[in-house]
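Read through the structures below before going on.
Two complexes, one shared chain (chain A), two partners (chain B, chain C).
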Partner chain A sequence: MPRTKRDIIPYLFLIVPVIIYIVWVIAPMIYTFYLSLTNWDGLTTPEFIGFKNYIKLFDDKVFYISLTNNLKWLGAFITVPVILGLGLAMMLNTAIPGEKFFKMTFYMPMVLAMVVSGLIWGWMYHPKGGLVNTFLMSTGLVEKGPGWLSNRDIVLWSIIIVAIWRQVGYVMVLYLAGLKSINPQLLEAATVDGANGWQSFWRIILPLLTPVTVIVLVISVIDSLRAFDLVSVMTRGGPANASSVLANFMYIESFNNYKMGYGAAIAVILFMISLGFIILYLWRVMKDELEY
Partner chain B sequence: MTRKSFWITLGLLTVLTMSLTACKPETVTVVETVIETVVVEKEGESIVETVVVEKEVEVETEVLVEKQIVIYNSMHGDPDPRAADEEIVKNFMEANPDIEVIHSIVAHEDFKTAIRAYLTASTPPDVLTWFAGNRARFFIDNDQIMDISDVWESEGWNESYPKGFQALSTVDGKQYFLPTSWYWWAVYYRVSIFEELGLEPPTTWEEFLAVNETLKENDYIPIAIGTKYRWTAAAWFDYLNMRINGPEFHINLMLGEESYDDARVAKVFEYWRVLLDNGYFLEDAAAYSWSEALEPMIAGEAAMYLMGDFIRDSLPDEIEADIDFFRFPIIDPSMPIGEDAPTDGYFLAANATNPDTAKLLLAYLGSVEVQTYNAEELGRLPTNSGVDRSLFTETQQKGMELIDGADFVAQFYDRDTTPEMADEGMNAFIAFWDDPDSIDTLLADLEAARQEIFAEE
Partner chain C sequence: MEAARGYFKSPWRALGYLILIIFAFLWLVPIFTGILTSLRTYDEILINGFISLPETITLENFKIAWERGGLNRYLPNSFIITLPSLVLTLFLSSLAAYALARFNFRANRMIFFTFVGGMLLPFQVLLLPVFKLTDYLGLYDTYWGLIMFHTAFQLGFCTFMLRNYMRTVPGEIIEAARIDGCSEIRIWAKIMLPLTLPAIAAVATLEFTWIFNDYLWAIVLLRSDSLKPVTAGLATLQGQFITDWPVIVAGALMGTLPTLLVFLFLQRYFIEGLTLGSSK
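On to the complex of A and B.
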């Protein structure tokens, strides 16, 4: 008897979060899936139309532009900020003067709201009076700076740079925490055994940082899939969809064009993609737990 | 888990404290001498601030309970219109002490996003701001807008509103909409630059091109435009199409009855392309919003801007004195003249919870008094012909003449066609702007979109 009583307690504690989770996460998710099978316009009664939204979606140019842009974002996100963040963490993990100041400086962008970052960079990218082009022109390298947010070939990268600028400090902090947890004796032992800095980095530090790297990668993947704020503030997906990402595409279709059903279909696809990565991550974490 | 519960508890406590604080003035008033408090919610960028208007009235407490309410949602989010809107509501409540207006102001774009949620809510707002034309027609067809023929009748609007505005509000002989203000579109220009170069406002396409060329030769940016939000480009399409192919073709295209792969549409882009190829437009237009693109014009670097009359709201006074406007040049003299003159107004939600008080407020909003106030405060052109025309400034008179001289008045690209089609169309305009050679593909895509969008309806 006492055994069961004790077993119940965790579940009692779980009730509240589970209810909240069902109401705010699970139910809207199911409802969205249902909406994606309708032609709801936000006003009239939804009409069931089967998989028509999905068929249309897979034939939509903007969908492929957005998907490709998301993938480019993902590619940039799992490489650049991770490498830069790790580099910074390695540098700042040693006791150099002003180390706290640098850590704070690099983490600062993360504290700003995305919308604020977007606005500030929007001004910096201003074709005429912006910081970037004014600097470029003052160096005399170019006669006229590019339209960072108006040129369809570079607009996406201009936005990704902002996202990376923001992400680097975050990755750095995660790696710093990871580095602190590495037992210094291991490194000392390696030095005694004659390993140089490079070798101990590749053979000891990096492998020991694997759990952190997994988390960093997962965060990067998820952040790149839900990219929305910067795009919405800086270009709204323009010019002519050149910087559209799935989340922005979904927003425009749902709330600008009032095609709620179609927007829901985009949301479902985006969810499926994210789910794939989440399952991969959970599988990895659980495997690790069993090992230890 | 404990941490989570802690945050939940903290959150609940905060909400509780806040609601208690919010209730405080009301409980006090009930006990002693009666002070009516009216809480007006204003939604700003992200904060919701409440303004409590207090006034002393010597009445029994029971009267307070009987107080009727009306919910009014408006999109007058810019500073000047917001102040005017609040003043109007205040005056209305002073004149009708037994009515409380629950007034919320939401920014323009957010309002457009939220309106369908408002209308389908279990308690929709009673009075809402909206656009006349196709955008209102959609809601009328879906039974979301209340028939207000009785208000039109009792207020005598059938006599005091010009025929054009009556037609704009009427479907199947019943009135559903109250148009209250409108503005014109025209090419605005810096008078001093024109004088310096000895230029006259052009009336034909050839003259227009010549003006552009002279400006460019003298290192001025001939035409300012910011296409970040795309609709500024749609104005060029509207005008070129109406000038080249006539307003009738234009409006039929908007209604989905003409096709985008028509040779006449292609011709519009040929004319447009001349301006682009010659570099008459502000460079990197896609990087600017419409008001950011106004900066070079204010700085005296750009000379012209095709824009609605609200452009003057954003100009410093000393620049405003140096700004004048002219009718978009005539291209084919044999075509009737069409102009864009978007009309804004109000409607009542079909499921309004307080229809009687809502009709009172609506009657007030459509009255000569309020329209005169708006014309004076904001320079908006009134729809009620009862407003004394001698009050208008020279600029307003000129704008009204511009529209009086038009054979056809359109609303605007994204108001005349469906939101979906407008989205496709405006994207195509921007893509064309960036790569004029792609126009054939773009038009083929637009035509495919048109067939799909209008087949659904």
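On to the complex of A and C.
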């Protein structure tokens, strides 16, 4: 085949997917930056207003509440599910009775729609008839259970618990795959050298799992920034914005208050926060590529 | 049994196992709560308290959610949206993946990293422009607006996964076919796709649940109640039956049945899909 014809072939395979990707993903991403500099209301033509949206944003109390809530969510996500998921993976990586049942149990929340999880948990948190308070009161420890979704101080954590319930299985899957790829001879050698289980874990297993941990952390951060469904279904950000996260704040400003330029500015902030982690992930993939 | 007895020799292991059982129990509580709630009436739960033996067991809640709650519309809509998106995104990404996995050309790395980077975007960044785009193209409030977006956005993940898998296919097979004068499109269709089938199955299983479970894009790109998929429909149902929790929960359980079945029967592919990209 002549050289030029062969050169063109990959582009023929790529042309349709790449065009679709540019139109629906890349161009919109860039366009968001422009929209954030306009006063678009969803109906009229967007008018350029410079950085006014951002100036207003940095003066908006709800923005800070949402940002803080996202950071709390992020903090919870890079610790609790990671530790639990790793612990469970360590246990389930050995031949353990009922292994299949346990795996299924922890994977299950992953396949449920967040809307479904949010509704079922919302009912469990119900102040009067819900399971949680019914249980607490039946133990006699409390006379009246707290309003899990109506108390400003705990509402966010009530939602984060649902997110953690869902995330643990995901982290566990990734660590299980990582553990499988560890050469068992390494651990045997360590045992022969007199290392106990605890030492092998800290000195051998955990360092070897570092690439998995990087991926787990990046995914956890991205997932915590994407958080929307649970909040939307369980509280809509309330009471008094106490459980608002950036994605919900953005949705409400854009589609309920028709301040779409303002919403775009919130989206840009979200993008900026995630950018560092996206680059970290790309850097990991790049490193794998070079090892080829 | 012998193995099981061996496992519990150490007291630490027995303790660990106990903790594992407690966790598993806690993890299942919401599922059982859902099932038990859906079979009772709200009045009865309020009178007797949730932790009590139900006086009567009824399937009425499922019937109400299905008919009056609109799940008989929402659930088919979910399939109408999910299946074309799934087929389109797999088809297009397998084309792109083949080019990226098997050809050396200048833009290869750049295109590859654009797909990978896009897959990690907080998709809220795309919300407003895509909303505007569907409006501009006349696709707002149609199935196709949603289908096109899902197809495009999932291209990132699917291309990444399939491309990595296609790289592991031995080159000799393809070289041999090329020498025999096989066209590239035939190589893709007759050699590459069959060999990539395990990865396609894994990615498809995962993508099915992701697209099926989407809520945000459904509420942004659709307005008509008659087009809504089950996730958006459930939110409507919640507004409609505000206090009748057994109906809401029954609806939620029905709405999640398809993904649950996919998971139960294709669990192996689902898990493979999740781990395909993270470790090699």
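Going forward, the second predicted complex is superposed on the first by the 264 of 292 C-alpha atoms of A that agree within 3 Å, B and C clash if a C-alpha of one lies under 4 Å from a C-alpha of the other, contacts with A are read in each partner's own complex, and residues count from 1 in each chain.
Just so it is clear, a contact is a pair of C-beta atoms (placed from the backbone, for glycine too) under 8 Å apart; a residue touches a chain by one contact, two chains touch by 3 or more.
This is a predicted model, so every value here is computed, not measured.
Applying the stated contact rule after C-alpha superposition, one finds that A:13 touches each of chain B and chain C. Legend: residue contacts after superposition of the two complexes on their common chain; A:147 is shown touching chain B, with no touch to chain C.
In the superposed model, A:165 makes contact with chain C only, not with chain B.
Comparing chain B with chain C, more residues of chain A are touched by C.
By the document's definition of touching, of the two partners only chain B reaches A:236; chain C does not. Applying the stated contact rule after C-alpha superposition, one finds that A:44 touches chain B and leaves chain C untouched.
Contacts of A:125 after superposition: chain B is touched, whereas chain C is not reached.
By the touch criterion defined above, A:102 reaches chain C but does not reach chain B. Contact with both chain B and chain C is seen for A:255 once the two complexes are overlaid on the shared chain.
Contacts of A:80 after superposition: neither chain B nor chain C is touched. Touched by chain B in one complex and by chain C in the other are residues 13-14, 16-17, 126, 128, 255 of chain A. Against chain C, the residues of chain A that register as touching in their complex are 7, 9-11, 13-14, 16-18, 20-21, 23-29, 31-32, 35, 40, 84, 88, 91, 94-97, 101-102, 104-117, 119-121, 123-124, 126, 128-131, 134-135, 138, 165, 168, 170, 173-174, 176-178, 181, 211-212, 215, 218, 222, 225-226, 228-229, 232-233, 246-247, 250-251, 254-255, 260, 263-264, 267-268, 270-271, 274, 277-278, 281-282, 285-286, 288-289, 292. Chain contact summary for the complex, chain C toward chain A: residues 3-4, 7, 16-17, 20, 23-24, 27-31, 33-34, 37, 42, 45-46, 49-51, 92-93, 95-96, 98-100, 102-103, 105, 108-109, 111, 113-118, 120-130, 132-133, 148-149, 151-153, 155-156, 159, 167, 184, 188, 209, 212-213, 215-216, 220, 230-231, 234-235, 238, 245, 248-249, 252-253, 255-256, 259-260, 262-263, 267, 270-271, 274-275, 278-280. Those residues of chain B lying in contact with chain A across their complex are 1, 4-5, 8, 112-113, 116-117, 119-120, 139, 142, 144, 227-230, 283-287, 419-420, 423, 427-428, 430-431, 433-435, 445, 456. Put simply, chain A touches chain B in their complex at residues 13-14, 16-17, 39, 41-44, 61, 125-128, 147-152, 235-236, 238-241, 252, 255-259.
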